[in-house]
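First chain written, first letter: the chains are A, B and C, and each begins at residue 1.
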């Protein structure tokens, strides 16, 4: 079973969102998503300053045998991104909720209210 | 039954296992109205009869001493090249998707990629594309992906016209604009474009359709100075002699592409050849086609496998870098063996010999009364000759002397009616060059 | 691992470069390629060849790839000096022998497909697809019908289909298949309209079954003003028996390196000739071969076919491959051609029954197999965690090439198996015995499969490391 921390919120496109306070949110892909994709070898995260729209493609994930789009979980603007992933895409497999974080975005709390909690995401991941 | 091994007993046993009585019952899900009963095809031939028929056809193509180039070149191919490439283990193998069962092909491609990177002076080479012209179209699409946005490609007017037509066909499907960069009518070489416009890349041929060497350093620097990528179009054999695209200008070309046929591939009327495509490592994710990498297995043994497959159509489907699947694998196998057999030394010797023979022929032919040289600049192994008669008529008359004298530029809508593009390779010895001069002299006297 | 070609190097003095070429145009550094001796080259590449599976040495039940025997006579014929030494720009009167072969091949492929005209130029299936969808586009444009931007493609189609449609400027709409393998007609009806340029289909489909309602599909698509594209990848299943032209298709490509026995060569060259109905003839890619009244043959160019979609390679395509396909077809003749599909179907259906007998599950047990069929090992995965990949890798240990796996993606843990007509009953029986043994191993010693292959030059390779480290050329 994949890990689904209770403290995080989730999108139905398999991203997690952590509320850092002050309208800042950290984003990554879930343990379930990295299991589905397999060994990741390449990741493309939007540049700092870029506006992203919830539910729309904002980056690329590639594993040995699959390619997937990275979806923005919420509307917002990218404040920081994890540049270390460029050389270390395996962090997404090894530590998706820690070292494998992808970006920090500025968004408003209302936009994040529609996200799933751990229980709801767990059901989605199982189905 | 040619190539079907079943005898009557075996067929009967298999039909019984399937639970039908006759072979045609295996097609019982096909609506009967769709079945055909007659098809206009000839009767089959025995292998002997087939051999006789095709040998007759092949022999009716009169053997000619070949002074034609224009993107396809007659070179000597060492016997060992196709002796090995024709081995069943290479010839009848599938694409190396199962790496454990394909280490031979995979290592060959890795060595091929290594050779091409050294010839071009760039860091990454793919495992081949269909031919030089379609490879150039892919290089342009690659440059457009790297540059992003709705941009155009700057195409030299002295690019081989056959290649230009492929660009028109392939890039035209996506409404990509091609802007023609003219050549100087006096020198035959490119002049620096007046403006870059919305160009994504400049194509730089070395050498051009007129056989002339271009000022590649200045052209590359101009491209980079205007925010364009530089796409080098090169002859791989000439690269044994000429500056590698990676060394062009101050930063080097970004992408190099070319026709691989001079590396051990027979002319065969136009194909199969192969296109090579190399680039800087920073652009590798936009490189179309297959790519082989070295890695290790679970026990730490070195091995090879296809890599970055997520760029390709079988995974990314509609969003792939290209639709290419099958490439020109066997041609690459032959080219790798060809390059290894000649070695770096042999390739350089061959390139120098091509150039020296071409220089000698140019001297011999321009001494024929009425024949002149429209362009005087440096060249590799092709040059334009200006004849006092229509080049098409002279070319046709020289067929009777057993010579394919060259390519009339008029066939391409270039130059003047008397212009003939002539090529010489190491295959043509001094006696052949003298025979050309004598035949040309005789033909010009009688035409 | 074998040694590298770079391990064989002998020293030579530098080559003197010509003085009549300006120094700034010449190589800066010596060409750093190795200089092995000829015998070293011979041994190195002969040893490498021995590390390959190939049709000549192994059974290759690789679905959708039609790995049949590549008759050696075809290779001998294509290598005749009268063909091999012919420069592409030889004037037509001096290359009549070659043009005759190409003209006949055009005629024969038109007959086999039930189409009006053929162009042999596309270099491979994917280039044929691109030319084919480009002709659909040109056809609509020529009628002033510019709104048709969508191409319908089944979810189970080969990946080249959507990639080619995309390259030709179309938006792709995927159509699902139903549980019995047929196309979802309701979905089709819903999406047909004045914005649809056409539909790309394979029949038999990539699911290994014949699309029974093809005539109905053709009527609906034509009724909505669209055209039908036939992906010829599975033509071996119906060769000499059903013509795509008669099924209602307007344009198609053939994979000569599948159906017509030309070699795969470790990944090419192929040949992807296109065939069209009369109304698409003006748009064919060039050059084609034409015949004068007196019988003389010539290349057909833009002057004669001004509405052509153009050219996709510098010359006339992969002519050496076309020569091989011609030799194969000429050898088989009319009767031989229809035997191909009969025995391809016999081998596939026999193998399906036998594999079911030893415990494997068919994806479409109620359907007749075409020339290939799909098994799913989901049951093994549930019982032991063994996946299709593990079965495939274990087969390699027995000297049998793996079937196609994980394609089509619609069937979980699938193996797509295509034996082809050139394999004997004895070969198929051995394959069944090996598959039965593997099934038993999966249940009793799953580790044996998970770690397979055990008997090849390398075991399973670290593909993630390959992509992350990206060592794609030998260091200098």
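In this section, a residue touches a chain if its C-beta (ideal position, glycine included) is under 8 Å from a C-beta of that chain, and two chains touch if they have at least 3 such contacts.
Computed from a predicted model, the values in this text were never measured in an experiment.
The interface with the greater number of C-beta contacts, when A-C is set against A-B, is A-B. Remark: the per-chain Cα centre closest to the mean position of all protein Cα atoms belongs to C. Distance between chain centres (mean CA atoms), chain B to chain C: 21 Å. Computed from the mean C-alpha positions, the centre of chain A lies at a distance of 38 Å from the centre of chain C. Here the CA centre of chain A is 45 Å from the CA centre of chain B.
Multi-chain contact residues, meaning those touching two or more other chains, occur in chain A at positions 41-42, 63-65.
Touching two or more other chains at once are residues 463, 467 of chain C. Among the residues of chain B, those touching two or more other chains are numbered 308, 315-316, 319. Within the complex formed with chain B, the chain A residues making contact are 41-42, 62-67. On chain C, the positions that touch chain A within their shared complex are 463-464, 467-468. Those residues of chain B lying in contact with chain A across their complex are 285, 308-311, 315-316, 319.
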